[in-house]
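In the part that follows, the structures are each spelled out as structure tokens.
You will see chain A twice below: alongside chain B first, and alongside chain C after that.
Let's turn to the complex of A and B:
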């Protein structure tokens, strides 16, 4: 058990190391560097040299990678180029804002997804299933920017219930943020809920068809007791992993949603820093987003391990 | 002589298999709707340049933001361009780029996955770690980096999207290969002394083809989503080209008084994505592959 956990953590760390290499090489081969962008037309001769020295770009790439990596592990990502302030300070409030958005969407999304998934599975191919499944297919396939745009058009412009775009400074307090985030949260939660509901549905259907459930039915276990005691515990376990992957996958979708709603989170920072060729920030963002992805997956793996008694004995064979 | 007969029979049954799959797909209501939408969009993409009533890039300041009328069916946009013309042309780039992108993704992802599944060992470990690393970088960050590195022409977007959406196929192909590799016919092919290439071509590909094709069809709809998100963010096709993502992002600022210029491309893009999705779903079901438990990776 302990061996398995350590192995998973090590694999995650190796993945992160490769990610850091990829992003470093990726940003390294981008045409134009920080100094040419920063100095614009004056990017020649002495000024350029001085800038290279100041930002430490005059040493070979591998040396810069090592020193960057050592600092990054300590949480220091260097200086952002556009604002000339430590990336740590730029990232802080952005991470907080994105966390607020994501956790609100998760807290709303997971219970709804569970209920919808279970209802559609138990009433499979009946009216509730057909109706809900049709809606989830729409919610799932339509791009984030379309559902977000439609939400703004209908709720903010036609009905005038809520503000359409978020116009708040980056470091605003939670309660001032609240009315502004309702629409973005709905936009994100909608897609996430649809994905998860479908997975819960197929997981429950699979368990319902299994032999031990058939056995329980034959034994005459009351229907709802069987659902809650035999079906759900077994059906929701494999769903954990898939839910984690969905949340991690949404990191990309959150970028688009944040742009649509002008929300000051990590996603908009991605777009801003790439447009500004702010490479240190891009590197930091890549590492942070990849770490979130890796740790969500790790957490899901560990949860499955803890909750599944069968997997505990598996390590003997490995 | 006898070999010839076998060959012909095989070919005939292949054709029969394909038409059978299509009939099975169309026999479900969702599959029928999906196929019809997809076919409609493909036909539209071919004929739209000939039936478009106006020039898609003709700017006319006197016709700015006209509401839909008999003359301009879907109204006009902020530069006085006909929204109907731009909407029916708007899917061509998206369809072409994502179709060829998915083919590239299928090819490299499928072959690399099969190769890794077959050889196993150190090579497999290293390749899978790299694939994992690419999977954990959000696609949007990676795509934006590539696009700002190489530009936004079609020749860049097709291989870039193909590369980025193929890494998930690697995993599927590898898993499918693992499933068949322990079977007796592979062992006997090895015992007969066949080369790795011959085993891949004659034994493995026919057995993992279905799983990979289904995955590729699914990737197509995700790639379309990714492509239009890029256009929407201003990192996709460049402005005079009619493209749904770009049209939505342009019209969004004006939608409080000119909603028609945003609704038309939204309907176009959503219907195409739903069409491809339903088709891919029906395709998977017709081949007997259950995709519903998989997360979008």
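Let's turn to the complex of A and C:
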């Protein structure tokens, strides 16, 4: 078991290393570099040389990679070009904001998805299932940028209930941020919840059709006891991995939604730094997003391992 | 004893087809289950026997619904009852023992909990009393160390143990009626015999009524007082078990009994033509009409009624039962198999051992397999051209593993597999040339999985013809039609997909595909075990016919000793990947024999209430072969002592040319076995 966990963590680290290498090589290959971007039309001769020396760009690429990587592990991603301030400081509040947004979406979305999925499965082909399934399929098919725009139009512009775009500074306190995040959270949670609800539904239906559930019925187990003891533990186990994938996939949704709502999070920073050719920041973001992705999947794998008696005992025996 | 506990009245269950037609799975079933009796319901897949058993618990599967009739228990109709009331009957008054206990036990709950749940629901026992009771129940079904078993999860038990747990769970509510849905199908022969013996004991001990559903007349014969034979959703014959098995007066039962291979009778049983009609095929006449040897013109358009014969206490659904009444016994005639044995040796396995152990990195680099206790070891067999040799043994005996190695799907660890005295086939597929691949063909157990569902029959059979002989166009087509005719399928099957064929037809296509390569050797892996009994005989007869026509050699793997007896010239008995006994089949089936062969033969169930299985050894499951000594030491009832544990037994040859690998001298073996 411990060996397995260590193995998974190592694999995750290797993935991150490869990601960092690819982003580094990618930014190397692109024409132009930090100095040419910074100096714009003055990027020649003495000034360019000076800039190279100042930023340490005059040493070979692999040396720069090593020194960058060593610093990055310690949490130091160097300086952003646009503001000339440490990337660490730029990232800090952004990460916090995005985390608030994503975790709100997750904490609201997962319970709703579970309830919807279970309800639709237990009342399969009956009215609750037909109604909810129609809505979830509809929600699944609309991309975030459309649902976000529609939300702004209806709730912020027509009804004037909530602010449409976020115009607070990046390092605002949580409570000031709160009214601003409601619409973005809805936009993100909608599509994610719909996806998860469908997965949970099919998983529960599959277990309901299994021989052991039939056996439980024939044993005289009351319906709800059967659902909670025999069905759900077995149905939700495979759903964990799907949920993790959905959450990881939510990162992309966060980027889009943040841009639409002008939300000061990581996603908007990605778009901003790409359009500003702020390569050090892009590199840092790539690594951070990749580590979130890897750790969510790792967590899901470990959870499945912990909860599945079959896998657990197998590992112990070996 | 005449108190009726379950009354089924005019029960019809069915479903609505896409066109809106009502399709019946059960048609107008009426029967009574009396207190204390065991009723066997026998029928082929699709005859509606499981649906009937479930209906007796008031359970109708998703998609099916009750069209008419009732299942009366304690004078209330279970099919109209509310779920809340059913919960009080299920498990407490009527309990079910499922077909596949491995899948019927909830995987995330411990054995103890699952039994405790039944106790909580159906008894007023307090917690400590329940714990006591769980141990008692597990003891009753003869599971070793109940306390530890109760703490295990279902997947940690063997198939036989899981089945016993299911029995214990059913007994927890002390039901009046036990429904058993194929409770021993899928278990090894020896385990099956043990579970049946246990069920018989429980029936006597508790006085519970039982309904035993199975396709296996052998198992039914061992347990039931009364037998109901179902065909195509109807009861065709119902009566006392002995009469039905000895003097069946319905043509279907008669034919069925004739088509089952028997241990005592070498040679192929007669086969029944055709197969059971699909549910929903409309028929005005008797549903057995087109397969019946006794049919007349009136059977075609008139459906016979179930007629009760007072003097025999039997109900029969046939116009012509009288002609069978005179034909007093099932005179089984068998087609003696012609041996086309030639002197030429075609395949030679010498010192073959096969391992499933994962290669370590160093071994991978050096391209070797190091495992001092491989799954299969010391296999020495010479196979002659035109011979049918059978490999028999329980699951885990290595019989399929050996087939895989011969086919090249699995590398051997050591030893040599030689074809035709000079070609070495020890290597795996990648190193064999196309001709080496052509000469050995495989037929798999389950044609549903071995035929590509997206290919037509034509494409399936065309593939080997194109691959090995490069046939094209008209010539290819002519060959395909030729092959189809050889397996008794018409030309019009060419455009069909596997899903449009019945089980027997699919297996015929698989046979045709194997023969398309014009192979020298065909490996048959449990080729009839997925088929219905009435179809099995037909496929066996076909294989025999083709062998005589082409002079092919068969290596036949099966767990069914009666089938093996019917078709093979020679038998090799395997236990834990080691040979126990090899010899001509008529000698292997006679004494003296290896103690393991004796166990296997003793456990065979014959469709005859007078032949009881002999249980010689315990049905323990061993996970790995022993490191040294005799492979069968763990279960042998006549173990000699240290010699069996430390030394690999020598080969002893009997007068008839049978080789037995045992430390016990032949005379001793013979003496004990005859008594």
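Methods note: the second predicted complex is superposed on the first by the 314 of 318 C-alpha atoms of A that agree within 3 Å, B and C clash if a C-alpha of one lies under 4 Å from a C-alpha of the other, contacts with A are read in each partner's own complex, and residues count from 1 in each chain.
Heads up, the rule we're going with is that a residue touches a chain if its C-beta (ideal position, glycine included) is under 8 Å from a C-beta of that chain, and two chains touch if they have at least 3 such contacts.
Only a predicted model underlies this, so the values are computations on that prediction, with no experimental measurement involved.
In the superposed pair of complexes, A:141 makes contact with chain B only, with no contact to chain C. In the superposed three-chain model, the partner touching more residues of chain A is B, compared with the other of chain B and chain C. Of the two partner chains placed by superposition, A:161 touches none, neither chain B nor chain C. Within the superposed three-chain model, A:27 lies in touch with chain B and out of touch with chain C [touch as defined at top]. In the superposed model, A:15 makes contact with chain B only, not with chain C.
Overlap of the chain B and chain C interfaces on chain A comprises no residues. By the touch criterion stated above, chain A contacts chain B in their complex at residues 11, 14-16, 18-19, 22-23, 26-27, 29-31, 137-138, 141-146, 149-150, 152-153, 157, 195, 198-199, 201-203, 206, 238, 241-242, 245-246, 248-249, 251-252, 255-256, 259-260, 270-271, 274, 277, 282, 285-286, 289-290, 293-294. Considering their complex, residues 54, 57, 59, 62, 83-84, 86-92, 95-96, 98-100, 103-109, 117-118, 121-122, 153, 155-156, 166, 169, 173 of chain C touch chain A. By the touch criterion stated above, chain A contacts chain C in their complex at residues 209-223, 229-230, 233-234, 237, 308-310, 313. Of all residues in chain B, those touching chain A in their complex are 129-130, 132-142, 144-145, 148-149, 221, 225, 228-229, 232-233, 245, 248-249, 252, 255-256, 259, 262, 266, 269-270, 273-274, 277-278, 290, 292-297.
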